[in-house]
């Protein structure tokens, strides 16, 4: 109500922790090899989410999305995440 | 065999096309709202892949990963993709 | 004894759990809607299988924040019996009530089958009175059932006797072939430290009548009755 | 007339059809009306080519509670319960996006069933693909199977039966037919007939987006360049599950007048059909329909095929109660209009009329066509082929031929597919996939069971459409009978090519007439169905594929029968002894020939055989039953032995004699109306006596024993090897 809020676009990248086995990545790599792409030595499969979020400023947007990741978007037992906030959009 | 190849790291981002229904994104948004994150107006769910690929140079790496997306990684009927090639790594 | 079946939007094993208790065990049972905030009056809770919230994001990820989960956590903390089945197992791990997590099957596809499961501990209310080493035949039906825990966690599970069910062959020997989903150490089910909260991927509630191919599931669901009586006596 | 050919093409109407519309209305249609006519008069909704043929189907019996004309048919299954069921195709969407195409196909057929007030209890899928040697066809199969499992598993409805067939003609045009069976108390059967002017029209479920607005009917009202035609529909099984539960809960109240899902042609067809069949009008304002996207025009809203939406017509005084139920399930609903008494379907956009046409113009006035019908001379020639001119199989080739057949994609085990379907959810599954000729589920609260199966041998239909149509019905019924259930009714999906071609129309007409005759003799009326035409690739039609979905009732579910042979038993063949290689799998696999006349079939004899088998199961005289279909007798026997984990010693002498001394015909020839049974020792004499009394021929084949299949005097084969070939077939 008080401070004017702006729209931010947040990109969230979720990947499996390094030590966790990634069958999906292995499957994709095998699929690529079958198609002849032998130059691919590794594939890791993850998730990508695009959020539209309102916040007073970029720091606030980042803090808020980080919290969403910790609480819901990411399973921190096996996954890790990275958030990047893109240019604010006109509201 | 001939030209020296280097290792590139490629990031692949796959998202549903704009007009395609994204039930997962909708349910994640609802989940965030239930947690009180009312400032999130939209979530689009996608995929993120990290590839290690050998190529002579960045352009070749990009072309090759683009082709993999067209052929296997991305279901171009409903999805679109973006590839970004990161700094070459020491082989 | 009164069972509660905690039902979320997208749960689909709730009907089976209700039937198994009502017709299989002949005990009192009622659904508990996820928007409720109380589990008063129940002696044991079943968190059934299904696709709560469509399994979007990850199985159990959204359901664990449902209003009812606070009451479930209190119920568990009070040492009362809670059994999470399949998606219910996922929900309990997401909620931190059980250790480890469940990942996509390495085959990347759903698997529906009957498997042999060995009972490894009788210290939980759902296995009390069942001889350790007993092999039960139970259905599985899941796409995200690969139990994962890091090595330290696994050691701790072993130390505390928290591995409750293991996929084995008919003879009770764990083999790679008898592991249907790549679970660490063939683990089919675990408990929390005290043992009153148990989660497993196989479906005891679908095995309550010989005409369906087996009724071994009733032994697990029924064990809690004996457990309750025992506690009442010792209390 | 100002309308251009281009505009007509976009709504898939012909010039005479357009003229007819103008004459009906006494004016030119508005753009929205034109689009609605295009959709309602399309083959899909209007059944222009098939309606006259479908009238041949028998649709009545004392069991039929609801025949064709509603979202699903319903038959009485005792104890005051009915089985509601229907099959539907999602061929074209699956060809474009196999996972979502198949998933939304399941979603659609499930809505058809719970719309009737029935709780869905089982799913079946009938799939037809091109050869798996092609990566594209493998991709299509795995995508479709993934989509069916993905949607059905999430809904918690077991997928218990189906069929899969491979042939070249399905390469670019796979057939994906899904069937759903539900159970409903008689007094709860709901219908899609609006009534009571003043009642409210509610749309509930997903927001409306631009998905699935079909190219053929997309009239770009505003801006032809900016057409969003063909946005692929993505299903949300979670939302469907909420809809299912909420709608069933809603039907327990007194407030619901009618219910209709939004399927093909979206709001248009659901509103038009509800109004037309109820003999009332409906007025809606589409501004009240929640959208997923901004700036959708009236046309798009009326024709969107966004999934997981329902239309519910309720009494005005029930609105609060209805809202409460939807809220409880977190479902969004909009009151979009009211029932009127003037018979008009009136569409407003922000209060302004954009379409206003009597409902019956869209439905009853839809033209029908009877096309010229001529059999393709090539087919006549192929049918005339006599397979007996081929060299017979040598004794030492029997094993390799059997292995080849067991491995063949049309014969081998479907377990790789069925493992990915949840078939134990709901705790009703008594005979799961693979274990028997049909699936059996128990009907909770009763001692009864329901058996079900889809079937069709498209090769038979191709080579002899009339006979093939009869076979499809007979085989589906026989499969049901082999579990011990009495077949009671069927649904069907007619998958054919372009009916405007005389030879395709001939196939359609003949197949339908064969199906009708067989259904009549077997007393299995047709209570629902679906037609999918124009299944062609580069002008080549798919094999004519009239899929039959049969259901049967088992009085005592504890007495159901699977196909496993038990060691110590005796094997007997009941029914037809003379087999033919015409149109057989053997001919296709060993001689790469698709030719010859398919086996003869006498539906009356088929009925006697089925009655006999049902009786034997009921009396507990047999422990395993399996009919013989693709691959013939030795394939059936092998499958029974694999299921039982045992071997057998078989004497084929009697069969060789009646089959012109030919080993290939005796072992792998195909025939209608034959069932192999496994019977405990001591029962064989009784079976022979009962068969004689029923006027059904019987042959004692031999003993179930040991680890090998020993065909006396011909070949001895390890069952474990046969099992390996059969189980691994789909992996190659």
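Note that the chains take the letters A, B, C and D in the order they are written out, and that residue 1 is the start of every chain.
Just so we're on the same page, contacts are C-beta pairs under 8 Å (C-beta built on N, C-alpha and C of every residue); 3 or more make two chains touch, one makes a residue touch a chain.
Because the structure is predicted, anything quoted here is derived from the model rather than measured.
Q: If you tally the C-beta contacts, which comes out ahead, B-D or B-C?
A: Pair with more contacting C-beta pairs, B-D versus B-C: B-D.
Q: I'd like to verify one number: the distance from the centre of chain A to the centre of chain B, where each centre is the average of its C-alpha atoms, in whole angstrom.
A: Comparing mean C-alpha positions, chain B is 10 Å from chain A.
Q: Could you please state the distance in Å, as a whole number, between where the Cα atoms of chain A are centred and where those of chain D are centred?
A: 42
Q: I'd like the Å distance between the centres of chain B and chain C, where a centre is the mean of that chain's Cα atoms.
A: A distance of 36 Å separates the two centres.
Q: Could you tell me which residues belong to chain A and also touch two or more other chains?
A: In chain A, residues 72-73 touch at least two other chains, as defined above.
Q: Please list all residues of chain C that touch 2 or more other chains.
A: Residues 53-54, 56-57, 61-62, 65 of chain C touch two or more partner chains.
Q: For chain D, which residues are shared contacts with two or more other chains?
A: 236, 238-239, 330
Q: Which pairs of chains touch each other in this structure?
A: Here the touching chain pairs work out to A-B, A-C, B-C, B-D, C-D.
Q: Where on chain C does chain A make contact in their complex?
A: Chain C residues touching chain A: 57-58, 61-62, 65, 93-94, 100-101, 103-108, 148, 150, 182.
Q: Per the contact definition, I'd like the list of chain B residues that touch chain A in the complex.
A: Listed in rising order, the residues are 5, 7, 13-15, 25, 28, 31-32, 35, 37, 39-55, 64, 68, 71-73.
Q: For chain A, which residues count as touching chain C in their complex?
A: Listed in rising order, the residues are 19-21, 23-24, 27, 72-73, 75, 77-78.
Q: If we count contacts the way the header does, which residues on chain D are in touch with chain C in the complex?
A: Spelled out, the residues of chain D in touch with chain C are 146, 149-150, 153-156, 236-239, 241-242, 328-330, 418-430, 432, 442, 444, 557-558.
Q: Can you list the chain C residues touching chain B in their complex?
A: Residues of chain C touching chain B: 53-54, 56-57, 61-62, 65.
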